[in-house]
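Chain nomenclature is as follows: A, B, C and D, assigned in order of appearance, with residue numbering initiated at 1 for each chain independently.
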């Protein structure tokens, strides 16, 4: 099975062109989703899953022909991927283990199309947990003085080696330089509230205000902290009886669920970025 | 805007054929969903929303050409509809008003692509409520002796006049003859529990068992009572403190929400029947 | 049935004192909830529902004795109410009808222990809808120049006449003077997002950011706009396919549900204010 | 902190008697929930959490006095427990690991007031996973011929050693004799659907019927398979696109969440049995 993800300026005939191409090259469309921000002058997005016997061998040729016959003439951005191949990911984490362990566990149970090849942490605490899954753990301390040096070591390990970096409660801000050097999507998870409480100790402050829902947001990291394109969100109900600790524990449950969903959708090539938004097929 | 809904045996080239047809006839695909039960030997379903200037005038010709060029060659079932035209519906109801009033209200607020042209009830109680919405109300009593006569009068009013019949808590069983004579889809709503409690007084029995969730199921009516293809379901949380009356009231809230969703999806031609299942695009 | 709601500094023996008082005065406790922010030096809250034959006649005497024997010695704030008596409410509304109609409808169906005695609006649009429920409608225009005069007329109608004022999407800011003069609780509803979007056009801005959940918050109005103690919150899921209009429509559904819950809890004396929070029993 | 859980025939003065007893013995009530099935002739339930310095040493005396002064005079069933002491549990499991690993993990993170002292399985598969948590694993095969012998060995390990037995997807029916011999509560988890599908292959059959929600139910095991008093239920949304495998995976996620909630509520002494129902405080 193969996947083809396309985006371009919307205009008549795109679906016809793509589907004719696939048909003429012996590929049968199994699943297809499309979305246009505006049929007149908007952006068009398409994700197609297709079946073609012998795809692995044919793929270079298929990609070349698609570029020539469809992609370039219609000024598309496009990407072919193989459906059965898991994404190679590195996870960055600090001290909270709930998101990390949930990902490692789900990956081991084959719930995620994900192969975790490395965990990097600015603390040594979770080394044993990670290694018991057969995954390498590297401790790179981050100090205020030597932040650039720490990022240099992180980039050394990450750049070119992974398809995806996951921040599973990694509590350090990443520089624009880091994001550019790593050059693959970086998925982050953080807590969310209605209304929002920026800054330190948000659970205690949410409690003081008497919020009834606490949530989590998974998004692609950008240089603007906690502000990239949102992939997924969810909430859980709390009451006046819940302590700030209990809010944090319930928040942790939502965080790991939301992050796992976001990662799986990414691994299935379901997410297309549209400026500050995402299209999730 | 037009919609095209298609189902047929799955085989390569269906999407290519449909999208080329639409492209060649000046239609731009705005939205498209497809699903195959099995790429090898399964059933293929497609719902496309397209934009074509002057569609109303062109439609007869478009339908004829589609039949000749695509529909018959690929042995499809297909249907063109106009996206802006509300479905004409009749509602059947007994004494509970919550589903009925919710539909009338949402239709008036233009939340539903629905024009309610008639309400039929086996009780006179809701006449004033219905007429205050400017909708005709006809009281057709149903007695054990004269059930066939009542169905005859119902069919007289319904057959040929409506696109859709909605059973908004209509507490009488409908015969296979009625369903055949009315000859349009009939949507029904009923309560659901985990586990299920068949028969009378289900709320009291659910309470005795201590259920924590009560729900509602909207489905297309078939001659097998409460057993047609499911369109939508939802649940609400209850506790040991809720009386059987309270369970019923909460159940009523879920019922009206679930029914409204099912009706709207039907009006948007989002639902395709697949034997005992539905595909909801 | 009667209700007794109590708050005071926490100390040993409060429950014993209250329950002995009720027992000695022939009242049987049917339901009781309590909560302490901190057993050492915190605030204690108690809501008790009790059954006492002939309560209406006995109540003045019961209240006097409670004050002397329990309330004043333990420095409590307390309130006795009769469980069967609906709260008298006035609703203020602008042009959106969804919250208003939902309240009127639920009150008519006896889903709320609420008697709506008056609707005030700064627009004339909803007069017919309101009067069809047999509820008086008063149009008080609000202009930038004559805002104080409008508030004077509102206060004239409200002060002393109602137990509760509900802002069912009333789009004018109320002054601290208004809140003081009305002198009863004022419940407000507004939309909520994760993250929050202050200011105009929040639905369009939430859409640009790609939020996946939109919500509503019901709270007691204070002079700080949209910032009083939260009573209830809920959210609904949205996708990249939903237009800003659709977000608004889904938001409206959450708003009316959340407001109805908050109003009913208030009518059942379930909510106790605790500074900037609420305790919801 | 101590807990007192009480049930008895409802009558005036119960709360007064219990709260006076606690007050007179220096205990401060921190949290208290009560419920009566019917103030006239029903059953009364109470759960109280109280603070008393030096409770551990005083407890035998406190229990004796409570029996003499309150429990026996009012014909109560009652139980004192210490809030800080985890319940000792054994887990029985077959081959599915999701519920087992979730419990072990949450117990290790101190999310559950639970100490897992033993895992018994009729298959050897999960031995390594269990032992990596430092928990003993015993493989007791169950064959049709030697079922009674297997139960004898299970009882030998369980009876008298644990406060609680958890069936974390244990796929063997337990005899009434087993339940009597083990003599502690047994919590079971199983999948639930609307409508329900008894027998083998329920996910495939639910899929054929097109259900939109699948769920899980945690209950106390009785000799009637899957029919004991319900503790907790929850559901997750599915669509026509989900394969029977995907339904099963999503079902697994609900099962582990629902089971963990039920176990934690049990460990906090929040659940009181009321015939075929539970009261969950």
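We adopt the following convention: a contact is a pair of C-beta atoms (placed from the backbone, for glycine too) under 8 Å apart; a residue touches a chain by one contact, two chains touch by 3 or more.
Being a predicted model, the structure only gives us computed values, none of them experimental.
**Student:** Using only Cα atoms to place each chain's centre, name the chain farthest from chain A.
**Tutor:** Comparing chain centres, C lies farthest from chain A.
**Student:** If I rank B-D and B-C by number of C-beta contact pairs, which comes first?
**Tutor:** Greater number of contacting C-beta pairs: B-D.
**Student:** Using CA atom averages as chain centres, what separation in Å is found between chain B and chain C?
**Tutor:** 37
**Student:** Can you check how far apart chain B and chain D are, centre to centre, with Cα atoms defining each centre and the answer in Å?
**Tutor:** So the centre of chain B lies 41 Å away from the centre of chain D.
**Student:** Can you list the residues of chain A that touch 2 or more other chains?
**Tutor:** 31, 35, 241
**Student:** Quick check: in the complex, which residue numbers of chain A touch chain D?
**Tutor:** 31, 97-98, 101, 105, 109, 111, 132, 241, 249
**Student:** Give every residue of chain D touching chain B within the complex, in rising order.
**Tutor:** For this pair, the touching residues of chain D are 35, 192-196, 207-213, 215, 217, 229-230, 232-235, 239-241, 274, 276-280.
**Student:** Of all residues in chain C, which touch chain D in the complex?
**Tutor:** Touching chain D from chain C are residues 10-16, 19-20, 22-23, 26-36, 39, 51.
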